Amino acid sequence: MASSLVHTILSTIRIWAENLAGRWGIPPLFVSILAWIAAFVFVIVLVLLMVLLAVYLERKVSGYIQSRLGPMRVGPIGLFQTPMDALKILSKEDIVPRGADKIMHTIGPVFFFVAVVIGYVVIPWDHGAIAARVVDLNIGILLIVAVSSLGLLGIMVGGWGSNNKWSLLGAMRAVAQMISYEVALLLAIVCVVVQAGSMSLSVITADQSGTLLEWNILRWWLWPALLLYAIASIAESKRVPFDIPEAESELVAGYHTEYSGMKFGFFFLGEYAHLFIIALIGAVLFLGGWQSPLPASVADPIPGFVWLMGKALAIIVVTMWIRWTLPRLRVDQLMEFAWKGLVPLGFVAIMVTGLAVALGLGGGGM
Amino acid sequence: MSETAQAPLRTEDITVNVGPQHPSTHGVLRFVVTLEGETIRECVPHIGYLHSSLEKIAETLRFGQYITNTDRFDYLNGLGNELCYVQAVERLLGVEPPPRTQFIRTLMAELKRISSHLVYLGTYGNDTGAVTVFLHAFRERELLMNMFEAVTGGRLLYNYLRIGGLRNDLPTGFDEQVCSFLEHFPPRLEEMNDLLTKNRIFIARTRGVGLLTAEQALSYGVTGPTLRGCGVSYDMRKLRPYAAYDQVEFDVPTFPEGDCLARHLVRMEEMRQSLRIVRQLLDKMPDGEVQADVPRRLKPEPGEVYERVESPRGELGCYLVSDGSDKPYRMHWRGPSFYNLQALPEMVRGGLVADFIATLGSLDPVAPDIDR
Amino acid sequence: MWGYVRDIWQGAKSIVVGHIVTFRNFWRPKITDRYPHGNADENWQPGPGYRGGFALLKSDKEGRELRCTACMSCARACPVGCIHIEGEGKGKERHPVSFYIDMGLCVYCHQCVEACPSEALTMTDEYEISGTSRASLVRDLAQLIAAGEGQTEVSRVL
Amino acid sequence: MTDHETTPASTSAGGDNNAHIAQALHQRFSDHLLRAEVDAVGTLQVAVDAGVLVEVCRFLSEEAQPPYPYLSDAFGADYEDHLQVLYHLFRAETGEGALVRTDLPREDAVLPTLTGLYNTAKWAEREIAEMFGVTFEGHPDPRKLLLPDDWAGYPLRKDYQRPDHPYLRPEPLHENPPAFLAGQAEPEVTEE
């Protein structure tokens, strides 16, 4: 595997840092801890940047779809609008409503955000093993699914702790929805896991190496899983047409009705971080991860990191397109759709994939 | 599943306040809604937040001066309200406006109906979660606003109709403006229908929701598209033609289901019929004066009149009493939204919260029209 | 079974059609006025007969500055009573010494302009009328004359 | 497309029907009926004693041929020496209307409720009650509708005095201009 530019740079930095530590006599354990901190800082900064970008994109895409221009005032074509909004949110008063449970009210958004961000540690950003991700777990995808469903605990805690009926209703809806769609999402992921024969995201990426035709999106036996993943992941990120937990025309703002300032900011960040991680996983599971779509014979000047980001952004734009087109489902229709539509479809998808793999179509490890 | 096996779970109804500040109350309305989980047990409307005592104001203004106030209660139907009031005064005075005036009045009222239904379409999309159609509808409405501005000089508050006539004739180039709108608008309407009305999710959200039978609707005095969505073909324009409505052909669309979708479809079809009326009016528009001779100081004989016209929301009534002075002695507005909203608790009982919003939106209430 | 499949097919089709509509709209020209930063020509322009601020018109007769004769027609026609005039002189000499219009009360109904027998009062196409206090919304005689500078006719829908 | 069955009866036919109804009303409620006639535009005008209001309305909505089964609007009027409450009944097929009215004394104005006959009356009567001070006996929900619960007085009566409230806007300009315009700050609104 040819090492990419990002890999080279990161390895150089690592070697340089280790040399420096050796010269200064810093114990190796301490160096490891520093490296971990650096990796987490990288992830957090990346998430923040991507959220800013995604919010900007959302506003532009929605504007363009609606015959508007979107933000135009701050900076060239409104590029600095979202950083400014982030600053504004930081400077706003933090209000805890009277009668609310202060502790619960505070930990809700933090919990939600942390649960979402933990998932980022196993995303394979680029070629190579350690340099381009925080950890390479052999159960990476399982970790993401397990941890991201912890996030709804944060929603529930926040919605309950707000002492507001709209928040409570929104939180209840969120929990019901996310638990239901988690099942469908898992079924879709299982198909890909069956195909690749591993739960490690690096292996899943490697399974799609080679030509464009090897990508999961072009393997026809994975199309039911793809459809399933597309629908369930939008529902997981609580976006239209599945945005019933925060349906603004019904529940005012759902579970974050009573939040302001940075606590609201955490929910907001968490939501977009969730959207982003869903897009990243989608890119890894179906679009070949960091791999370039160009044939191997052509030298690819673009690092894999950028490819992965590009694919994720494309998925995000599609979810935005969907969001600004469709009306919202009702809560009972939503559950019906999950249990009567998607879960059976999931079993069909697993059967199709299993058969295809068993018949030797898939090149996986089975 | 014996009864003893399960200890009775203590449940509690939630009472929530929808409004006065809530994203989808279309103005300032308040509903106290009792929920069992997400199911609505009871809904009690509280109105009056926008009560502006237009009926009392009328007693302090001269007949001609009051026209400016008629734009203000049902602000989506300004010209239609003016038409109702002006016709009432004309009947009191015994004045017959010239035919061209009647045509222009009808034309403006129909354009206003399209504009009002566009607002409905947009806000209803918003209520059901499809935000984009809101801006698309308002984009098209802007063209109508430009037309109203060209004719009346105002974009929302027109003060255009006069007792016995109009403030001014149509401006030059107005015909072309309307014609280009007639060309431009139908495909855009179809596009919005593709985006919202035909969408499967939208249909699922509205079909069978907010049911109202024809009998219930009539007993609550519900009129307009809400009543026609219950299958009753009740339209003042057809039943008691006023202005130039007897000169044009149009259909009164009705749908028998009585649900939100039926009401929505009635409005969509009414827009098409309004376009048809506008086209005919432009073709048949007579020449001539736009103002009948009326004295500068209007003093109708003592008497009273109850005038009814069809507003986009239903039957708009205007009761006017004159005591022989230059001011109305008593005036009363029958706001169609007022009676339409009264049927809401009946329609939403047993539904879900989302149904409540969908049903409220499908009534197309205008808060000042409710409170007057 | 067949109906079920057709239902799904039609539902999917309707959703795809919706996406085509939004996609088409994505590329359409935008209608936003970038007021006040945009190109002045692109910004919305009031049409003739627009009812905005007020102006008093100058007289072309000798010995008269204004057409206004302080006859109080406009003040009487006003439904909200936002016009206050004090006049001086008799007959042809009569002219206003103070003329106030409270834009905070005004309902922009144009009835004063129509009531004016000497076509002295007009509404202009000024639409940036907002102020920071109630008092700043009151136009006095000097302001009204300044606003009518250069205008010779009452604004009318053409 | 959908409405040809219900083209309006010609005015004369409607007038005939109404004339019959007026006659029937006269026979039935001779003593209590003050007026029952057809006006220039074909509306049936009925004036009755408060005592027989419910019976007249029931007659019109059930027995009259053809009936006026629904109430579209109800409102009041204050004639200084007495109050009047008007009910606009209508017929959905032809859109014809009938105006039933009854006079009441200003003091101790009491009417029987029509909510038993028409749901429409529920809100309409509440509005009349708070605006004119008419008590509707037997109304299921006699709270105020548009006004705040603690509102005193009946705003649509002719002798109603506007309450003095700091939030109400200042006097119109033509009544006291210079004080307001002296160039200083705006009048202070005192909050409680």
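Every chain is named by a letter (A, B, C and D) in the order it is written, and numbering of its residues begins at 1.
Criterion: a contact is a pair of C-beta atoms (placed from the backbone, for glycine too) under 8 Å apart; a residue touches a chain by one contact, two chains touch by 3 or more.
This one's a predicted model, so the numbers in the text were calculated from it and none came from an experiment.
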Practice task
Report the chain whose mean Cα position is at the greatest distance from that of chain C.
Solution key: A
Problem - Centre-most chain [mean C-alpha coordinates] - result: B
Fill in the blank from the handout: If you tally C-beta contacts across A-C and across B-D, the winner is B-D
Problem - Separation of mean Cα positions, chain C and chain A [Å, integer] - result: 51
Problem - Centre-to-centre distance between chain D and chain C (centres being mean Cα positions), rounded to whole Å - result: 37
Handout entry: Between chain D and chain A, distance of the C-alpha-averaged centres to the nearest whole Å
Key = 61
Exercise for the section: Compute the distance, rounded to whole Å, between the mean C-alpha positions of chain B and chain D. Expected result: 21
Practice task
Send over the residues of chain D in touch with two or more other chains.
Solution key: none
Completion exercise
Expected list for chain C, residues touching two or more other chains, is 15, 18, 21-22, 25, 31
Exercise for the section: At least two other chains touched by the same residue of chain A: list those residues. Expected result: 65-68, 324-326
Fill in the blank from the handout: The residues of chain A that touch chain C in their complex are 61, 63-69, 72-73, 321-322, 324-326
Problem - Touching residues on chain B, where the partner in the complex is chain A - result: 14-16, 22-24, 35, 38, 125-132, 134-136, 139, 195-196, 199, 201-202, 204-205, 352-357
Problem - Sites on chain B touched by chain C in the complex - result: 61, 64-69, 132, 136, 139, 142, 146, 149-154, 157, 159, 167-168, 171-172, 191, 194-196, 198-201
Problem - Parts of chain B lying in touch with chain D, wherever the complex brings them together - result: 47-48, 51, 53, 55-56, 59, 91, 216, 218-221, 223, 227, 232-236, 238-240, 251-254, 306, 308, 315, 317, 319, 321, 329-330, 332, 334, 338-339, 342-343, 371
Exercise for the section: Would you tell me which residues of chain A are touching chain B in their complex? Expected result: 62, 65-68, 165-166, 168-169, 240-241, 243-244, 247-252, 324-333
